[in-house]
Structures are given as structure tokens and as C-alpha cells.
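Got some structures for you, see below.
Okay, so subunit A shows up in both of these, paired with subunit B first and subunit C after.
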Partner chain A sequence: MDITRRQFVKATAVALASAAAAGTLSSLVGCASGATQGDAQTEGRKYTAVCRFCGCGCGVICEVKDNRLVSVTGDPDNESNKGLNCVKGYYLAKILYGEDRLTVPLIRDDASTKGTAEGLREATWDEALELVSAKLKETWKADKSRLAFWLSGQQPITEGYACAKFIKAGLLSNNVDPNARLCMASAVVSFMNVFQTDEPAGSYADLDEADVFVTWGANMAEAHPMLYSRLTARKLSGEGVRHYDLGTITTRTSASADKTLIFKPNTDLAIANCIANHLVQNKLYDEAFVNDHLQFKQGAENIGNATMDDYEQTEAGKTAENVSAITFEEYAERLSPYTFEYVSELSGVAVEDLRELAEVFADPDAKVMSLWTMGVNQHNRGTWMNHNIYNIHLLSGKIARPGCGPFSLTGQPTACGTAREVGTFCHRLPADLLVANEQHRRFTEAVWDLPEGHLDAIKAPGMHTVKIFREMSKGNIDFLWSAHNNWAQSMPNLTRFLGMGEENKGIFDTFIVVNEVYPTLSTQYADVVLPVALWVEREGQFGNAERRSAVFEKAVDPPGEAKWDLWTFMEVARRVLDGERIGDKDAFDHLFGFIYDKDAADFKGDDRETNRALWEEYRIFSNPSLNERAQAINESAKLKMEAKQLAPYDEYLARHGLTWPVREVDGTWMPTKWRFSDGAQEDGFDEVGVATYGTPGLAGGVSFYKSTDMKPTVVFRPYEPPAEEPDEEYPFYLVTGRLLEHWHTGTMTRRVPELDRALPEALLNVSPEDCERIGVADGDMVRVRSRFGQFDIKVSTAGRTEPPVGIVFAPFFAEEALVNLAVQDTYCPLSKEPDYKKTCVSIEKI
Partner chain B sequence: MVISSLVVETAPERTGEVACELSCRSGVEVHETNGHKLVVTVEAETVDDSHLIASGFISIAGVTGVNLVYANFEDDPSLHPVDRR
Partner chain C sequence: MKLSNVIAGASAAIVAIQAAAYALRGEPDLLRPPGAHGEKDFLARCIKCGKCIEACPYRSPAPAPQGAGIAVGTPCIDAREQACRLCEGFPCVRVCPTGALRAVEGHRDVRMGVAAIDEELCIAFQGMRCEVCYRACPLIDEAIVIDYRMREGDAIHSVFAPSIVQDACVGCGLCVERCVVGEPHTAIRIVCDAERARTAGS
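== the complex of A and B ==
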């Protein structure tokens, strides 16, 4: 860098940070979209992008020179982060430039080498694709119940959409699930149960207006740093703004909270009921809101635990989802045992703290925002706990209004946009539609131009994630294809699923395809590894926790022979569907002929044109008026598909992301910050939705127009204990989680040397009292054993979390201390999401 | 040389002392104060070094938030060259 360039870069750096501090960054950064700005000698081409590390969905601007990323700037025009990034954003470019990027296809000829770093050889794309296609077609034709796809909350929207279309409409299979099952499924099922539509009513803007924050089982300071920064900024700028942190361990988030309430595992269910009981018994709830908006139910109870493979065939398993209507008075009666005294004894939280928290919800003027992530979702009663948080916000009317609302945070950049919205779950179709619902299938057939009844073959949901891996371990899966995930590290009960026990060796017989960017534990079990483009090496879209869909542009080419994931799926799809018909048309061309030329083995247009074409088809789901057949079904079946309305593709490029529903008002597409809330669309309220489907003038100025009878459901959910509780043999609860420097399994962040140096190894956080009791000290290696498996790890009493006596914590980013070897695969019976937070273990010094 | 800029947020009553502490650190310059926010640049040989410096800010008493705004790494010698088509 010469002196002129250096001066220019430094001046740019200062100007950008200065503008960010003043809130005027937008005027400096300007529009990107591949255009050079200023002197091309000094400034590269700029592209709009979205950070790909976590669920916050922060916007960034990428600068490229000579096909190489040279700088990143926070994107001021992306409303999710307004130009500010966290430490992970610092390293966005570096993840592209790790030394061991996968750049050529790899094939394993000898399955006995599975589970080792050896055995993969280089291959041509033709050889790899022919092999994958032949294995998939063989399995599909022989018994399609024995194939499975495991996709991801990191897979861009159009890629997930195309995969879902291939698998559901092309292969007529529902054996597809995303890794979002491991983090968000409890939130999804609860949203659908309560509101009959997925995803929060509010947005990140609530963080700037709330008076009280309540975090439930969420270490936001580490897992969602930018959002936590907005929370702390609000605490500084607002008078008397408070933060209550609830969890089973003390975290960095607790450190800055005004009050931390540490509760015994699973008693969060009771604490929420205690708050609801206080509101109801003392008539401190919002009576008008309750009368206008709510219906009440109770569900099946004593539903046992989904630890054994046959749980879903047991009586408890078959009836776990049952609910029945009750009156408000009956609901009050069910709550009545949850007194402060009873819940204090159960949870270990002081009566005065419970009362103080309950009074927060009783204050009609307080704007309260609840935030939660894995502590609530990865829970043997995860769906129930989501319900219980909604219950107290619904009873108090603190929902769908600025600064007020229950807000479910997400763990991955597009768990919402892809896994949840385009339907890569085993029971879903795009846009909240369900395979089991006849009208939903008819509507989907209309959008995809399929013969009526074509999708009846998939009316039964397929295998959810844990079931896929359980069946694989038993030798019942012949073909598995995974993309954008690292299941060999992130799945629970890896002792079983990786075939490390004396039985359940199925993984060694399953033909496994892994799309990856770096070698991982999953590639060690792959028969074929397909090297693919990472992040801005192709164009894609993420949808974050606040319903914001945003495009990241292609900025650089992939390395070596690495290819766009979507190309790999198209190449296999055209081979597998060769000779197949849909109606009287060639199946592949009918599904994908609008984007792909199978004779040329390539897309018809460039990344932009391909993404735009896919988006415009996907957009019909939420804009049924674009398709006459779909519109007729939308009207006759009262589907209200416009409730999740998306804008044309180019609007997202121009606007750097928009929160749905996006409404066209006088020729301008306007986003919605507060669903169901009446008010001016231009101010972020859901004016068009309420006017079209809802009832104006109800309590709180909201109308839940997607809910049955326009009334969300308060479902009474009792306290029930964890799936297993400490005993003499396994006296500790093991909690797993994430830390700031590394995300999930560390596939990308551990390629960043400094991040790895900052937090090089996973440590088991143990309280000093427990260390003394079991005779271990800082730095000692211990063996952690559970009923499911064991792992070795180093002990720390000065780690990033401070567990109370009886609980230990370990992160799961490190493959050398593979904590999931010992974690239970017991899942919430309703959401099928595993409980990673409460495995009982023993600890022994080695 | 990698050049990056950040907005460091502080407790309002400690902005001055945080600015002093930051200014003492190698490669760090404080350019201006905007309320409780400080405009800071970091100059270091590599992104790794830059991160090492910047990630230390959060442990300074009075710092409430560290936000990265811009990072230019075109001259980082540690970045691996990748053959791109």
C-alpha cells in the first residue's frame, strides 16, 4: 500500500467511524451493488452483503479488488445493525482465505476409513456427480423411505427453496429436515400453536424502546453481541431501563443485568406460570386485551420423555400434541398452585425476586421485551416454555407494540428465512404451509404448476432430524446428503450416531454426501465431499430473526473448482429425474427449466438472474394474486397468504433488506416492524394487513388476523421435570452452549487464528465448591460420563460462565473435546428439538 | 498494514478516562468523542494483530461496547492466497 493509498484508507476509516458514532454513516457509505465509487485507483468495487456468522443478520459492505475481498464496512442502510458489527464481523473476509479450503471433489473408496482424516481422494466433478446421482436414484427407486437430506439455517433462501422443491415435488419425499431443528423448532411449533403463523410480531426496533428486558436462557452478550449492544445502549439512553436475566447458570449477559435469577433446571416453566398466576389472581392482567383477543386451552400432560426410539408409538407420544379448550376461569384454576412460595421452593429463586419480576408484567405502563434462545428451545418441554412466555405477554397485553413483545432470537443467519420460511422441515411446504393440509398441498401445486394431487404422495410428514440419525444408526438410511452444517459435531448422542458404541454402526453403511467449504468431522464420514462456494462467492439471501430478508451479492469467485451449492443440487436433480415425467412434461425441466439448461449443465443466467427468477417464483406463495390458480385457492380456503408478503427481488437489493410483510402502498414497497399492529404502514405498522384481514379498534390497537377466530391461544403448560435428574451415579447437569469467538461447531471461526488463539480450547466450567467436592482443580483433565457417552476435557473455575453447584457448562465448538458424545438425544415431544442443556453426568479426574 | 476503525461505547461518566487508556495503546488512535462514544482507529500488521488489540478494549473499565465499523486488510501478509477462477 503506497502512502497515498494508506492515507486514503485511514481517512476513510476515520470518516466512517465518525459518521457511525454520529448516526450519519449512510451518507458516506452510499449504495454498493458492484459499482466503483470515487477513484478506481484507490477504491475497489463494493457489494452489499449480510454477515454469515450468527442470527443477528447484520449488514456489511464488501470491497473487492482483483477478485479478492480487501475490506468490510458495517452497512448503515441495513436496519438490523445500522452500520455496526461485532468482533465476528472483523473476520468475515478471513473465513474465505483459510489454508485448507476444499477446492476439488473428494471420493472415499474404502468405507472402512470413515471416521478418520484419511481415505478421501480427489475426483472430477463428473465422477463425483455421477456417483452421487446413481446412489440417490438407486435408493429412491428401491425404497425412498431410506433416503434423507439434512439442510441448514445457513443455506441461503433461494437455495433452500430450490432444494425443497426438488425433494418434495421432484422426489416426492419428506425426508428432509434442517439443522434449525436443533435450535429453533420449539419456537416454531409454539408460534404455530399460539398464533397459527411463524415468527415474532415485533422487531429489533423494540430493543431501542423497551423499558424492561427479560432474558430467558439467553446469553445474548456472547451469542447475539450486536443485539446486546442495542440493549445496553437503550439502558444507557433510557431512564430507569432495567434488565432481568433468568437462567440456570451465570453468564456474561448476567454480568450487566440489573438482577440475575438463577433457577433450577426446568423450573422456568413454573416461574412463568407464577407470573401469570400473580396477574390473574390479582386481576392485574389487561382485561380488555384478554376479552378482545385471547382464547384458552390446556394440553396433554405427563407426556413422558422422547428418549427411546419408540416414544412416538407410545400412548404419551401419540397424544402429546392434544389440546382442548378451557375457560379463562379454568385457566386461572390451573395456575393457582403456582404461588410465589411454591415456585420459590421449586426453583430456588427468592420470593421477593419472583414478585419483583411479576410486578414488571403487572405494570400497565411498562414496555417489556422478553428475549430467549437455546435455554428455552433446547428443553425437554421447549414448546411448553415458549407457550408460557407468550402467555404472560398475552395476559398483560405486552405484545406487537413498539418496545413490547416476546422475541424469539435465532441462532443461525437464515434459520428464519430459509429453514422456516421456505419449508425445509419434514412437515412443511413453503410459507408456513403444511404437507398434511390438503388445501396447503393444492396451493403449493398451483404455484409449482403441478397436477392436482401430485403432492398427495407427501401428505405424511417425513423423518425429523433425531429420527433421521437414529434410523441411520440402525442401518435404515441408505443415502444421506447434508449441506451447510456439521452434523458429526453438532448432533447430540454422537456416541451412538457416529457408531462408536458396540451397536448402531449404521453410519458406516450409509452413503453420505457432504457439501462443505472446509474439512470437518462430517467430511470424515462422507463418501463424497462436494467443495462449494462460501458466503459472497455466490449470490444469496438470508432472513434473520426480525423477519428481515436481505440479499448478499456475489463479490468474488469460489476458489479452485469449488461450485455453487445450487449447481450441485441441479446437476444431481437432472440426472436423478432423467426420464421422469410430471404430467406430460419432463420432470426436471418442469421444475427447474426456468433457471437451468440441463443440456448445457449450467444455469441459464448469471447468479443475479437465477436468484431473481427463483425469488419471483417463491414470492408467489405470499403474493397469490400473481397466479390465478393459487389466488382462487387462497380465497376459497381463506389461507391469507399475503400475511407474509414479500417484495420483488430488486427491492431487497435497493433497500438492503426489508422486514415482511412488505406492502406495496402507492407504488412503494413498505416493510412492517410490528405485525398485527394497526397504524401507518410507513411508520412500520401493519396497516395493510389489519385493514385487509383484521378488525381495527380492538384493545391495544392490534388484530391477530392470522389466528383462528383472530384469537391467539393461551395454553396452560405445567411444570414437569427434566428428562433425567441428578443421582448418585450422575450427580451433575451438563449444560452446553456457544461462546463469542466461535460459532456453533467452529468450522469457520476456528480457521481464524486469532479467534482460535483467543479461545483455543473448550473448558468445562465447574463451580469452586464442586471442584473441591470432587477433588479437581483448574487445569485438571477430567472424564465426563453420561448414560449416552463420555468425553475428556480440562476443568476451569474461571471460565466464561459461572455455574452454580450441581451444574457444569461446556461449549461445543471444539471437535477435540467432542462434548456431544455424552449429550442426550431426548427431544421435546412437540417440536422434536433435543434438550442440550440438561444431560446428567459424572466427572472423574484422569 | 491493516487499518480498521471502531466506535467504542463507554459509560457516560468514564468517557475521558477510557479515551486516555485507549490512546496509550500501541497502534490505537482516538480521533474524536461523540457523547459517550469514541471514534478509534487501529493500525497493525495483520487482521489477527488488529483483533488482538481491539478485543482487549472490552476489558477496559468503563467500556460498555466495542463496534467494528471498517476493516481494510488488503495488505495483510498472513491471508492465504486462493486461486480464483
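== the complex of A and C ==
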């Protein structure tokens, strides 16, 4: 059979090659032409870009003819994907050309029509911008605690940067948060708690060298298609490479894992502690690594759940972030209850499976990579669970070395590049800086040329995402502006936030501005809809999960009157800041005069020049030597801002993306694959960083130079149960998530006919045993109810996702099966990220 | 690595069937509702009463159009439009008055045909992470499996090639309905096999 298979593969390759040579492939498959290109004479102009969808950050090449995108193919020169794509990327060109593109500004005159497809009328840009500006200015002047911006991990880097500058330095407000709060906040808070710097030490290159992969609550096969292709390649080509899939449901990722460990919700916390306990009690940890690199802490426990609005005012809420130092021995003592037997009973995972997994981490020679996303982050103890994964990698020294590392995957194309690095969070400034830290404010003032103390007005963090929407529902938000997201579908507890109950009708009184490319549920609640450029209709940049910043070039013009998002923000900023001063200078000109001519109501240069100018200013944050005042603060406050060093803008264009820190060595800008890891910079190690700030020669050849005392923190985090547990009334856990064919709320992918055909409806996966118990069959419509709300959906037992008894799964891409009407808005008390994976529901046939 | 479970069943025989199907380059035989025992037997029994068409909750079968010769008016399924959803209890079979559609025990016993993949058209074979047919398959990991292999000339990416398990595929056509490739035809099609159809339900 082996011989047959090899011949088969060979024959297939030949067939493909001949088809390609004849130019048939491109003509056969229409829009996209795969890795091969047709006749050179008929080729259009090509532009380099990055996929619009997930956090993989695949590079693509856009081909344009007559101002129309005719094909999108994988970019062989992008190190993240080397030319491959998933089916979504294959049909990328078509996201621009849905029939209902928004091309004219829209205004709603009657707020009572909110929540319907009616009520929006066409307007001129001038009328729309005047209205938005007047409302924002009115709110800002009256009570700026009642305004809010909701931005995104899909907003290009320079746009997010300009927005942050406008809101933080111009409006002196911290009421800005991104949708990344819904996906990455637990990862971020954990990175900051453990390492005092955000984002992973390793990179995608670890996938090519690991001996063992452990996926924690991550359906990589569907949510990170290209990375899973890379992981699978390692399994196929490496000797004895294994994959353990841990989760509460069986997914397509489990389908090819060597072993799937299904655990009861929240017991992932205990499983990680069980591994740590095994390492510590049996002295199987890396002693030299522990001695050289680690400090130990424990934190507040029994911290309750952030379900009620007043959680943060409760004693538990006020102290949830507290930590205190402990000794290694005390840490060992805290771990000691987490025996294989106890954890097996708690989690439902067999003792021998737990032991096998623990032995993986105990093997000093095994290169182990942990990968996780929403199962860990969207968790009522999401920050804790991130901690617990770091703990076992730190104890075993399996971090920051090729093939070894805890790797936090991201779900959006620039959750890292924009939301996290630019800092469009309510508590952040650019480049990991915090509003609450005086030196961080001083440094930011230096880069932005603000008078010293200007940013003291924003030293208190603003409202995080769930708080913004809770306050809006209570009538406490007068102005909300969202861009690059679809909150009316992606937020949890939509029954409350969309004002569908008797109370909480605030959404009807809030003046809501939505920048959009297509009609969505969010535009149904907008008072003004601003039609904007989509993806390569302007130039922008994304930063993916492996710290890779990459530019997507402008390839085509936006349709109709649609405009670049950044232009809409500039146009409103110049109106709102009219007459305002920063020091003795005109506020708008001082902040944005270098890119924008307010009298001409336009950018001074083209897309490229505007982006380059913004990037070069933003780059000062990580290259403080470019600014004398900033450099002085960087040195005196020991900020080590070069830890995230970015290269000049044009380097990214020429190099198809670079992973930071990017170091200039002998005139060449060199990326870093392994932060903190000593070795040659040209081989991807952090030679410059370790030499500048770190200590060479420590265990593992690693130096965590950004961490306090250069020591990452192992924080003991115990098992605590989910916010709610199944009972007679609500006997099932509802897990929500993403599937391969559609991305997020489906606003783009559902307008691609091929993708819509491939997965036309959202289904509720229920185990056959549960189906029998509640009397439903495959194809039946059911009503799913929770304490928060309800939605209707069709049941499937086809097996694509197989939940165990007591758990059901539904994707969130379909607005007609609006799962978030029922999903809880309980969030992790540390990260404020909601738990989308464990709402208790009932199911009845309708 | 233990990937054997997902390629078990993918054999030379399947390759041969796929090759044969596309060697013909014609439309495959009409796809009949579950329980038909081959075209000859079915045509001899079907009285074109339309009851199976009415019974289908998905409106999957439709009368064969003019130009179908002797088969005009008999129920056939255009899988691209609406595949058979293998309903529990087979309402179409239950209402057939003549035994043109004969009893089928469970959905795994249906033998409408066998899916065949055109590897020249299928984008998964080009290295795209697609496998829409596999994930849509009501017998996922049984009738369609993934053959994981290294991508030619690429040391760090693998191809996820869908592969039909002939013995398990029931020919419902959901893979055809969902296939992202449409021109000049879908990258996966259903090939009917009278001999095999006669074993349906037995």
C-alpha cells in the first residue's frame, strides 16, 4: 500500500504540473489561480499584502487589472506562510465585491428604527461628519466619561496609532478599547504579569522543530489553518513527533492528534498544576533554569465572578489582581494537592494520560510547544490559565529556544500589531506603556511633543469593553464610535446590550457611529454609518502572532464615496479640536499637522507617505534614540524601549514583513525569531537585546531582560470552578467558536459565494446521547436558553465537532443564529475578557 | 505519528474508480434518492408519481427534465442544488408505492453512488487548506478522510488531501453541494454504480 500511495502522490503532482503548464488551472478555478500564474502578457499589476482574516498573518499577492482585484495568491516570500493559503485566503479578492457594499454615508433620523434594517437615509460626507463631530464635541465638553470608542484587532497599525493619539492626547480620554479585549486580553495580562512584556518569546519557526505539540482549548485545524498545515508537516517529516490535544470538546484538531484529552470545563487549571506538581515533587524540573531565571508568587484566590455590574466594587473584585512573593518551597506546597489521582477525578482525564503528558514536560530532551487561543483566553480564569501554561514551560526550561515554547496564538490579523502594540486599550499607551505609570506618560509626552504633565489627565484607566456596553445599556454612554468590528454580533449578552428586554434600553439613546464596509447588525443600531475602504483599498499594516509586522499595499480604490477610515477620524478630529490648544499650539496641527492639511481637508501626501510618516513617529517609541527627550527618559527610568524595536517603514515593504525586535547590524535590519535567546542575530536570535540589556551565559542561553530583576514570575493559580455550572434548569454548557470557512461574524466571508455555499448555516453540535435524552434529532430546530437570553438554531450530529455529553457547540458567524443573545458577559476578573465557552443553557425542540 | 487511521481505506481501488469516473468526462448517471437499486431496476419500477419528491423536507429530488429520455419525470437529485440529507426514517423511501425505492436500514446503508475527486480541480491538492467536502460529509472520517502529506518542494507545509473511502461513501452528494470549485464543474462528483446500488440496505 505504501508503494501505491507514493506512486499516487507522484502521479498527482505530475498531473498538477502539466495542468499548470498548460495554463488550465487558472482558467478552471476562476478568481484565484493558486500557486501558478497564467500568461505573463495578460498579467495585471501586483501588490504585496497580508490576508485580511485570522491571526496567522499569511502573506498574499494581489493582482489588479483596471482598478479591480482579479486574483489573490499566497506570497512565497512571506515567511509566515511561504505561499500557502486556506480557502478563505484563496477567495480573498471577492470580499471587496459583495453586492451590498456601503458607498455613501448614512444617517438615521429616528432612533426608534434601531434594530431594524430600515431607518437609514443617504447623506453627504459633510453632513455626516458635521453631525458626528457635533455629537462627539457636545459629549466631550459636557462629560467625557460618557463617550467611548470601540476599535479593533483588525484596524491597521498606523490607523490604530493615530486613533490612540487623537483619543488619548487630543481628547484626553481613556474610554477606548478594542475588540481584542474579547479574544486576547487574558493572554496580554498574563504576558505582562509573568514577563513584564507582551507577546511570545518564540515564533512560528518553533513549529518546524518541536518534538511534542500540546494544544490547549484550541481548534487550530480550523481557526489557524496554515499554522496547522505547518504543525502537521512537522509531524509527517519529524521522527516520533507527537501532538496532544486538550479541550472540552472534540474538534477537527483532535481528529489528527495522537491523543485527545477531554477535560471538564475549567479543570485545565488543575491539569497544568498537576504537571507542575509532578515536575516539582519529583525534582524533574530544570533546576539551573529555575535558579537562574525564576521568581515565585501567589495571588488573590476565591475571587468570585464578574457577572454583576458591581463586581469591581466588591472586596473580591478590588483585590483580584493582588500578588505576593513566595518561596519555591511554598510554591511546591501549594501545588502538592494536585496529584494525578485528584486531578483525574476532577477533570475526567485518566491518570495514565495525565502522567504521560507530565512526562513530556519532564523529559529534558523533548522540545515542547504549547499552543492556545480562545479556550484558554475566553475563560472566567483566563489570565490564570495563561499563567499555568507558562508555569510548566518555565519550570521545565522549555521556553525561548527553537522548537520550545508556550505560544499564544491570536485570532485577528493585527490584535498584536495594533490593539496590543499601539495600545488601543483603556489602560495603555503605545509599546506596552501604561497610562497609570508616570514615567510611561512622561515618555509618551516626549514622543508626541506634549507639555510635561499633559497626559496626567488620563492616568486613571478608562472603561474596558464589557463595562462600556454595560454602561451603554444603562443609558450612561452618550456617544459610541466603532470601527473594524461588529459588536452587535460579537459581544456577549446581546439580549441586554441590544436592549431587547424590558430594561437596559440605553442603546436607543446613545449616539452611535459605525465605520463599515457592509450592512451588519451593528449598522442596524448606528445613528451614522460611515462607508470606508476595505483591506487593500488603502495602504495599511498588520502585526501577527509571531511579532511579524507587514505592510499591505493599496491595490485598488475604494468604491463610490467610501473613504479611508483614517480620513474619517482626521476629519472629525479637526472639527472637534477646533479652537483647542496644546501648550501654545493649535491642538490638531500639533498632533496631526505632519500628515494632514486641515484647510484642504485631506492628507498632505499619498497613502504611502501618510503611512510612512505615521510609522516613523510611532517607531520612536521603540527607537528612543531618535528623540532626545524620549531617550533621556528611557535611560533614567530604565524603560528598555528597544526591547520591541521596529525598523524603518520601507524595510517592511522590501522584506515582506519582519518579526520584532528588528536590529540594525552593520546597516542591515535583522528580525528576531527568539526573543531573550542568546545567539547570532542573523540566525534569528536576540543577540543585540541580550548584549544590550541582559546577562549572557545563564541557563538555557536565555536572558529575560525585560522582566523585573530579569526574572519571569511563576504565579501559583489554583483550580476554581466555572462562573456557572449546569443544573436542572440549564443542564448544558454552551461553547461558541469559529469554523474554517467563515471568519468572525461572517460579514466578509458570507459575501463570498463560494464560502457561503461551503458553510451556509450555523449548526448546534449536540452529542447523540444528549439528542436522545432530550428528544431531538439531526436537523431539528431547537431553542437554546440561558439566564441571559435565547436563540434558535438547527441541531447537528454529523460529527464535525463532537462535544461530550453535557456540552454543546455553536459557531458565531451567523447573525440569523445569534448565539451571543444567550452567552454570558461574565469576564475574567484580571483581564476583563468574557468567558464565551461556558454559558449554561437549556435546549428544547421547537 | 498515528495518521494511519485517517488514511486507512484509501487504496489503489479508490484511485482507479476516480480515474475511471473522469476518464468518461461525461455527466454521471442520474443521482437517485436513497433505496434505488440501480438505474435499470429503478426505471422499471418508478411510476413517476412524485410522492418521494413531495415527502422530501429538503426538496432534494426533482422530476428529471425534458431531454432525460425515458427517465423524464422520474425523481433525480441535483446534488449541487440540494444534496440528499439522509433523513432519519427516509421519508422518501417510506412513501414509494412501487418499491422503486426500497427500504434502507440506516444512513450508512445508503448506496446512491460514490464520490470521486478531480485532483486537478481540487484546491486542497494545490496545498490550500480547504477540505470543505470532508467537513461537510455526514460520515466525516468514515466516507471522506484526510490524507496528510508533505507539500511538494516545501519542507514546512503539508497538504490536507481529501480522500474517498469507497466502502463507506453513500453518495448523498453533500460534498458536491458544498464544493467551492464550480467551473468547469465541481472538484468532487458522485458516480453511480448499479452493482453497488443493489446492495443498498442489504
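One rule holds in what follows: the second predicted complex is superposed on the first by the 804 of 846 C-alpha atoms of A that agree within 3 Å, B and C clash if a C-alpha of one lies under 4 Å from a C-alpha of the other, contacts with A are read in each partner's own complex, and residues count from 1 in each chain.
Please note the rule applied: contacts are C-beta pairs under 8 Å (C-beta built on N, C-alpha and C of every residue); 3 or more make two chains touch, one makes a residue touch a chain.
In this text, all values refer to a predicted model and were calculated from it rather than measured experimentally.
By the touch criterion defined above, A:269 lies against neither subunit B nor subunit C after alignment on the C-alpha atoms of chain A. When the two complexes are overlaid on their common chain A, residue A:87 makes contact with subunit B and with subunit C alike. When the two structures are aligned on the shared chain, A:840 is found in touch with neither subunit B nor subunit C. In the superposition on chain A, contact of A:798 is made with subunit C only, not with subunit B. Once chain A of one complex is fitted onto chain A of the other, the partner contacts of A:65 are limited to subunit B, with no touch recorded for subunit C.
Once chain A of one complex is fitted onto chain A of the other, the partner contacts of A:101 are limited to subunit B, with no touch recorded for subunit C.
In the superposition on chain A, A:73 makes contact with subunit B only, while subunit C stays out of contact range. Of the two partner chains placed by the overlay, neither subunit B nor subunit C lies in contact with A:306. In the superposition on chain A, A:558 contacts subunit B only, with no contact to subunit C. When the two complexes are superposed on chain A, the residues of subunit A that touch both subunit B and subunit C are 1, 9, 12-13, 16, 25, 83-87, 89-91, 226, 229, 232-233, 236, 256, 754-755, 757-758. Taken together, the subunit C residues at the contact with subunit A in this complex read 1-3, 6-7, 10-12, 15, 57, 85, 87-88, 119-121, 123, 125-132, 135-138, 140-141, 146, 148-152, 154-160, 177-184. Remark: subunit A residues 1, 6, 9-10, 12-14, 16-18, 20-22, 25, 63, 65, 67-68, 70-74, 83-87, 89-91, 93-94, 96-99, 101, 103, 226, 229, 232-233, 236, 256, 556-560, 752-755, 757-758 touch subunit B in the complex. Looking at the complex, you find that subunit B touches subunit A at residues 1, 3-7, 9, 11-12, 31-32, 34-41, 43, 47-52, 54-55, 64-75, 78-85.
The touching residues of subunit A, counted against subunit C in their complex, run 1, 4-5, 8-9, 12-13, 15-16, 19, 24-25, 28-30, 34-35, 82-87, 89-91, 207-208, 225-226, 228-230, 232-237, 240-242, 252, 255-256, 258, 739-741, 754-755, 757-759, 777-779, 798-800.
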